[in-house]
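One chain, chain A, appears in both complexes that follow, with chain B as partner in the first and chain C in the second.
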Partner chain A sequence: MKANPRNVNTGIYYIDGDVASGQGALAAGCRFIGGYPITPSTEAAEAFAKIAPKAGAVFIQMEDELASIASVIGASCAGVKTMTITSGPGYSLMMETIGFGAMLETPFVILNIQRGGPSTGAPTKTGQADMMQSRWGSHGDYEIIAIAPESPQELFDYTIKAFNLAEKYRCPVMIMADECVGHMTEKVVIPKADEIEIEPRRFYNGPRDKYLPFKPDKDLVPKMVKAGDGYKLYITGHTHDEKGYPILTQNSKVKTQKSTTRRLVDKIKLNADKIIELKEENTDDADVVVVSYGISSRVAVRGIEKAREKGIKVGSLRLVTVWPFPDKKITELAKKVKAFVVPEINYGQVVFDVERCSHGEANVILIPHGGAGVHHPDDILSAIEYASKENKKIEGIIEHKTKLEKLIFEEGYKLKE
Partner chain B sequence: MNPIITAFAKGIKKSGVKPSRISVPSDIPFEPEVVKHLGVDFFHTIRGRAIAFGTGLKLGNPDLIVVPFIGDMMTIGGNHFVHGGRRNMDLLIICVNNFVYREIGGKSAPIQKCEKEQTTTQKFSPYSTFEKPFNATHLANSCGAVYTARWTALHTDELANSIAEALNKRGFSVIEVLLPGPNYYTSIKETDSNLLNFYYKNSVIKNGEAPRFVTITPKEKIIVGKFIDKERPTFIEQYNAQLSKTLGDKFTPHGGKNG
Partner chain C sequence: MAEIRFAGYGGQGIIRSGIIVGKGASIFDNKFATMSQAFGPEARGGACSSQLVISENKILYPYVTRPDIFVVMSQEAYEKFEPELKEDGLLLYDSDLVKLKKKREKIKLYPIPATRFAEELGNRIIANVVMLGFFTAVTKLVSKEGMEKAVADSVPPRFKELNLKAFNKGFQHAQDGN
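Entry: the complex of A and B
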């Protein structure tokens, strides 16, 4: 399906990433955003609030993030495409309800412009430390999809993709951008409506009395109906059967608990190959591969360039989709390369999965960064140089400190006896 | 819960509203299975979020009539209640008050009446409570609700009438229902009918009473009735008016005529 021209403000713009994401949401057919202002994500909400009413969409400033996310799931149940916009502290508040949305299998998108944490942290500075939270934040077993864009143009494009994935797999989709990308102003091209591919909601259109809200299709994703269409919906966050009814008897509870959570996990895991998008460069003959996402991947480009000038065979693997994690790709590369270099603006999150999937066949080098800034390309260069010289297999994750960190914490913290 | 659902069913019938237009989000304490047979759409949400979820439902499809059934409202969902009222979001709140938070404080008459209730409701405060409870009706009125009423679960006809009236009313309406909590017993059959009767007999109907005077206190009779019924533009009406004014022709009113 193509985008509705009413929602697409075609043109060439010079805007920041947040605004691009707001435009992307509208282009994707988003009809409702409930949000609560939080730096550095506010510009996305502002942009949407300004353009939405002209296209028949609604923005409402809710009383808090708990309400924002609940209203977003409510509106999604009413049959429209929805999104919420937030950052660190607000994202933490949303966690319980994200699990509720995953359990109900309502499609919705969360734009998280990550900032420095923990707590209030560095509101106007960047961070990438919510990556694991996005994956595991709510209690219980469920799977989500997370995308990490690296430029305002990508924030536009991947916001649309996030909506499409949410509708296709009926799960929460997180756009895990960071403050740098959100506040970076660049050229953004909004194409014509007929060049934008939109995934419509998977509405049920069979006989009314045969409808089961949680009966999966072949791809493990069930079909939806709108509230108010006379299907007498019974939807609950309890473990439920295909009818949606909570299971109360002991024996079937055990069985249903297994089958429900198994499907929530498997509908993403088994479709992972279709979901995952990666950008791979020069990995064919590489000795070292830099695995990066978000703003870190843009910084890495210069580091990689410098390393290649020095004659080091280095490739790049950019995780556009961070969750589900590209297990197969990393395992396949681990057999060929000496080492992975993982620059992250945190003290190690996605690197754990890189290490898990490399099965000890390649060294895994983390370049940690405390946030409130990005890596210097030279830090990435020096990690690549180290990786290319190190022939020994070293167990576990090797920490390669940035120059700045070495300067500040020469010795690092040591426990006193 | 059953007496309330019965009154709800009667109310829907009386109001002439098609059940398929009604969506009922509830929060954790209330998951009445009988709701399946009413022909409404039911969403059992998480603790305290029924009003926020309902706000989404209403804005997602303004044709829906959203009736949140809530129990955690005054605590974990308090803020949503306050802001729902402030916005005058078009919701009908059925607030089921089972005194689990001991809205009747101390060694109060209704609770002394029933030994069983006393043992089961005090698990979190085994040495009795001393906190001042909310007057839900007064709070609702202060926040801007356009319709408030309170009935015990045995006032079935009055409750049904109130529900019917409120279903056809636009804006933030709150109906408080007093009911001993069957959820705290093993099954609904064991709900103490004495206590239910006690609430009923110990109540006095005072329609139009000022909400600030209807606090439930241990020694006095429980005041029930319809307290507030006024008009105020709803959120969607105000939204449409404001944006039409600013954007003119570029703006299509949300929800069309029904908004």
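Entry: the complex of A and C
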């Protein structure tokens, strides 16, 4: 299905990533954003609030983040495409309800413009330290999809992709951007509506008395109806059966766990190959592969270029979707390469999964960064050089400090006896 | 590739200046231009700056480390950011608002009383646009046509003429050999 021209402000703009995401949401067909302003994501909410009314969409500034995320789930149940926008502490406040949305299988998008943390942290500076929170932040078993854009243009393009994935798999989709990309201003091309592919809501249109809200299609995803449209619709955060009814007796609970909770995980896991988007370059003959995402992958390219100029065989694997994690791809590469280099603006998160999937076959080198800035390309180069020279297999994750960190923490903190 | 820092105090259109030059370069001159703004948690007021990288190729590292060009419109911003200007960099400054402290040997100085010129044109709010005209003529990084389009595209229609006048005032000041 193509985008509705009413929602697409076709043209060439010089805008920041936040604004581009607001435009992307509208183009994707978003009808409602409930949010509570927080730096550095506010411009996205502002942009949407400004352009939404002309296209018949709505932005409501809610009283807080708990209300924001709840309003988004409500809107989704009512049949519209919807998103919330947040950062830092705001994202933490949303965690419980994200699990509720995953349980109800309501499609929605969360734009998280990551900032330095923990707590208030560095509100106007960048970070990538919410990656694991996006994956595991709410209690219980569920799966989500997370995408990491690296430019304002991608914030437009991948916001649309996020909406499409949310509708297709009926799960929360997180756009895990960061302050650097959000507040970066570049040329953004918004194409014509007929060049934008849109995933429509999976509406049920069979007989009313036959509708089962949680009976899955072949791809494990059930069809939806609009709440209030006359269908018998029961939705609850309780573990439920295909009718949506909570089931609390022992025997049926066994059945229920099989039919719902397991499916929340499997509908993403089993469809992972279709969901995962990677950008792979020069990995065929590589000794070292840089695995990165978001702004770090963009900065890494310069370090990779420099390393190749020096004759090092280095390739790159950019995780456009970070979750679900590309287990198979990492395992396959681990058998061929000497080492992975993983730059992250945190003290080690996605690198854990790189290590898990390399099964001890390749060295795994983390370049940690404390946030409030991005890696310098020379930091990436230095780690690549180390990785290509290290002939021993080293267990666990190897930390390769940035120049700045070396300056400050040469010896690291030491425990005193 | 050129790294540029614009700096002044909140309200002078410093961020806007970065946006206009970036727009001129990337949309009208078909180059690549990445603009980032830096501000603290205290938000508005005080020294404010925007950083712009202009290149013929895709820009990978988005931040300015050692600017080739420093455009400054307040004393506080001058003192804060002057030390990072490259050894042989260009310093464009509002000569009524910035008093130079020490002069580094190889740095090229380009003074212009941009705010005074703007007041003479009727509104000091366009001082940054006077500076942009001056910047365009001095640096030749972005074409005059591209910059004029970017200025016109970035202001409300009823102020278009005034802004273009301000732009040309600054441009002419450089052409006159100042």
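Note that in this section the second predicted complex is superposed on the first by the 415 of 417 C-alpha atoms of A that agree within 3 Å, B and C clash if a C-alpha of one lies under 4 Å from a C-alpha of the other, contacts with A are read in each partner's own complex, and residues count from 1 in each chain.
In this text, a residue touches a chain if its C-beta (ideal position, glycine included) is under 8 Å from a C-beta of that chain, and two chains touch if they have at least 3 such contacts.
Here the structure is a predicted model, which is why all the values come from computation and not from measurement.
Once both complexes are superposed on chain A, the partners chain B and chain C fit side by side without clashing.
Looking at the shared chain after the overlay, A:Gly56 reaches chain B, while chain C stays out of its contact range. In the superposed model, A:Gly206 makes contact with neither chain B nor chain C.
Of the two partner chains placed by superposition, A:Gly396 touches none, neither chain B nor chain C. Greater residue coverage of chain A by touch, when chain B is weighed against chain C, goes to B. Of the two partner chains placed by the overlay, only chain C lies in contact with A:Ile12; chain B stays clear of it.
Legend: residue contacts after superposition of the two complexes on their common chain; A:Ala67 is shown touching chain B, with no touch to chain C. Closest approach of chain B to chain C, taken over C-alpha atoms in the A-based superposition, is 17 Å. Within the complex formed with chain A, the chain C residues making contact are 18-19, 22-23, 26-27, 32-41, 60-63. By the touch criterion stated above, chain A contacts chain C in their complex at residues 12, 14, 39, 122-124, 180, 183-187, 295, 298-299, 301-302, 373-374, 376-377. Of all residues in chain A, only 31-32, 34, 53-54, 56, 58, 60, 62-64, 66-68, 70-80, 82, 96-97, 100, 226-238, 245-246 touch chain B in the complex they form.
Those residues of chain B whose C-beta lies close enough to touch chain A in the complex are 20-21, 23, 25, 31, 33, 35-36, 39-46, 48-49, 52-61, 63-64, 79-80, 82-83, 239, 243, 247, 250-252, 254.
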